[in-house]
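We call the chains A, B, C and D, going by the order they appear; numbering starts again at 1 in every chain.
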């Protein structure tokens, strides 16, 4: 069967590069379009990109000619968006109105009331909002968002507990990698012998997005999960991999063994269907009081798993643990690609 | 007036060096004794120490001859202990039994029921345990401890709030500097492109020591403060300066302004008496959502202040904020020296 | 005696901040003017600057109102320029033509045939070019440059050897700090678990500027020193302090002892005159095969000295050694200030 | 065909782990023996090792029982040695005398006059020393060494030039990764905001080993290459991947194009024979003035290639360039394994 042509908008940035790296050898998708700013348009991708990943840039991709993103046109109907929020706000609707299927890593529409914010294992049913979105907005295309990188992995660990025991409250403190801010992103002078508290905006995303994702979709509406989250976010001198320290209050009493079992047995639709990018296990458990660690654990499940360790009782809430996840794979490009894989499996990416 | 002779036990280690650096030009104390392991004994200090501080090693100190710590003897009656806990357990009582006044940074006796664990601004009255300690143990000397580096600065921020509003609960997540583990301490391979969750033992200290320090001393007993603390600790690639993200539940409702005022107006006995190492202000407030930062703020008050910023409401408890403090100055050697200064001021360091 | 009013052009950048930090408590100079881009003009300096130094921003300076640099006007006649080369190219002549004395850290005019490129200890006589520059250009003001940060410290170590033994050839490999690229400068993703070879342009400066500085000024012309230099430059994850590994071929045979003596006895006019920013010793010698190190040694002489160690024979040329120097103090702002101090001492900064 | 059983001596250290990681899925070799210190002996490998690689420890290996290295016995005849030099000095001869084939990464016997120091592409003929070594020492086994990590990649770049144009002199300055010092190795306090000049011993290895490797083997003797090398070595905050800045004087004049061609066309016996670990190309050329970089380029050829870039004329010698190579793969375990592959191909590893 021939592959589905796809494009990447914002192809030269850090997340755009990660999309390309993950899509370059994808069994179902084939990159046909690379869209970027006017400055790069009309030139060979390999000549304009400052490739910052350690995986080499595939030669076929390097030879593609970059197109202008702001023209709102692309050959491929399926487009992955790695745009900054400010540009996504105008360009993503433009593409969707012209029939494109947008799988977006941008924050611009994540909280829009008719846009599904999806982690494929957690709330694939939210994708049923798409026809309503199309009807309401008069689009033939659509926008589907993946979550903020930190929120993604927080949900990755909270959802198994929520399903099994009900999560009432969670406290999270983060140690986030530099790549989360893109490239050039954080100046090196800020991360040599230093850490930087993150912006309040980041904390708000971490406190809000999980409640939409773990909430319900019924009667054409998203209902947020009843759950109180509070976040303290920090940027640390790590390249890839966000670490999060979490304390949770659960609705039902449980044991450490039952928690471990909930993590271990957790599976979702992507695993059932065997989607190409689906990690298995979804939650990778690590042992020892000094794990997880970004350098050692971020590539669990090819960067698509959420790693959990240090499960122990909390003095204040019920339980505490550490989690870690790759922020530009599962937390960005990989999460979007998994969403597209499910839609493709369902046959909802008609050319 | 002539200076009080003092010695440093464990003089070649990271905290020992910090003691020396802070004492080298002290107005009241003069280093006469440097004690270390048998390997260094009998040799010139400058020849055996691998000096790791950016302040240069003073020539006078470099020329002192190192003595064996395990002989349990020193010219100076006042000794600052930078011993590891395992050695402190046997050596500190030996010195105290021989009449020495031990100001210890070791954890060995911090939780002993007759040993004052003192932050000079917070619980100077706990020093009144000393005569009871001496009577019970039959010592002419004594042991006074300063707190764990992370606990010290946590109390530095919690005590002003506790005095003003009553602290009921606190959640703390830490990003601790490498120097807290001494030298050689953490291998560089663990802190390049990486962070490491700390040991559970560290977390227990952070949850327990503050309750002894902010507790009361009455009828010859320490009563721990009624307060629930829970800690998530991490080691990060920072040289000096522990950052802590804190959420607190308070006994009385208050406002952001009142909290700021509580921090700003906070003073203790060291400030009243103008002790040489007393910082003023005790709590240094910083503005902006990206502060405090270790590289920029750790030297506030000469490394003796606790820096607080990012004060904002917490979704889960009442308020949250970030704090930062120098871990080997206020959090180790400097804290011990300030305790000794108070005792000297009171005339309780008779030769 | 009242202080000489001075201004800083490019006041909000990394080098601009260093100028301010070094001038804030200067015994002879007083900051009256802060000039920056139009965006900052008219606003309080403390409100527009993202202060990145660990020395706190003095309150008096924070309260100054920023002026537009491109207006080419300032109250102070003496101006220190921290402009990027591209802006220096047009603005510095504009100010000089209006009578301002420009002490510039920019590279724009360093190699101009009528502009003195001065390290105060090495070639103060080059300042006699100024009247010729003024005559030729029709200026009442002038431009005096300090050297590239890496070149400055290379000369700091080569000049004592050149005076004593004659330097014929030198090979230099550098490990340069992030602050040399300004702020935001190098992205953190480039300096986590990584080093970056520097640009060829930097290498050319290091190979050329020292020959102008160690050359002669006679008959109204600069004659470059006969000396072959070759440089390999790298950026490393260090905040401040450039390390340079040097091999030299000397005109006269010598011994390790004579070399050490040449470094130790090296003094210049700033030391003779006791200028406020003059380090003494100029070359700080360190011992041990693992020194100099940036974190331990960069603040030698208040950041104004060049640190030298590891002096040993070279298999290929005659001798090899390591040097280290602070790149934004002696290598940038401090070097310019020392030049201005000499001119002030000579009474050549008439109001 | 069944695999050749092999063992790793010093299995718990950093290089030992790298041996295991590279051998775990090797097509010709199968790990049967893990030898370490008495402390670990008798225990499950997975329980005693502090696994520091990001590749996961294979379960089969984790379940092997560690044996005492100092007993001098192992089931496998082929042993890879990751011992520290001091232990290698006594243990490697003990094993060799008992008939074991030792492929050693230790420095203990590299310069011994009857021990081949081999880079498989460069001097496979030196392996013909083995029968002489056996005769002279009365061993049924043998010791074959791979080179120091920095020397390995220096030869990786110099040998193609030496073959094509003759290398007379080379100057090399290194920026070496932390993993080169093993684990725990360099303390993190030494590599945060810092670099450390390396020991003179390391420089001597870099200046000497290449001359043995590029020398000849004739009449039962090694003759060193006539070539003058001088090295300046530094440790930098990089996890893996040594960078080296090199200037060379060549016997014959040449052009940049001819040099590039010499690198590009360079192949050796491992490539001809298609040995499993042989990289192809051997020298990976990169473009751009900011490459090679450790994070981006160290995994070229699976970590077995030497990466070269920045080829340009040198002011002092003839040409200069930058090279980079993985220090624990090609520079340590991988180099040894490639040597063993050649011997296995030749049928010289009889059971």
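Here, a residue touches a chain if its C-beta (ideal position, glycine included) is under 8 Å from a C-beta of that chain, and two chains touch if they have at least 3 such contacts.
For clarity, every value in this text was computed on a predicted model and none was experimentally measured.
Set against the Cα centre of chain B, the chain with the most distant centre is D.
Taking B-D and A-B together, the chain pair joined by more C-beta contacts is A-B. In terms of their C-alpha centroids, the spacing between chain B and chain C amounts to 40 Å. Centre-to-centre separation between chain B and chain D, using Cα means, comes to 47 Å. Averaged Cα coordinates give chain A a centre that lies 42 Å from the centre of chain B.
Shared interface positions of chain B, defined as residues touching 2 or more other chains, are 52, 190, 192-193, 237-239, 295-296. The part of chain D that touches chain A in the complex is made up of residues 51-54, 192-193, 239, 295-296, 299.
Interface residues of chain D facing chain C in the complex, by the touch rule stated above, are 169, 171, 173, 175, 190, 192-197, 199-200, 207, 228-230, 232, 234, 236-239, 243, 245, 247, 289-296, 309-310, 312, 314-317, 320, 322. Listed in rising order, the residues of chain A touching chain C in the complex are 14, 52, 178-179, 183-193, 237-239.
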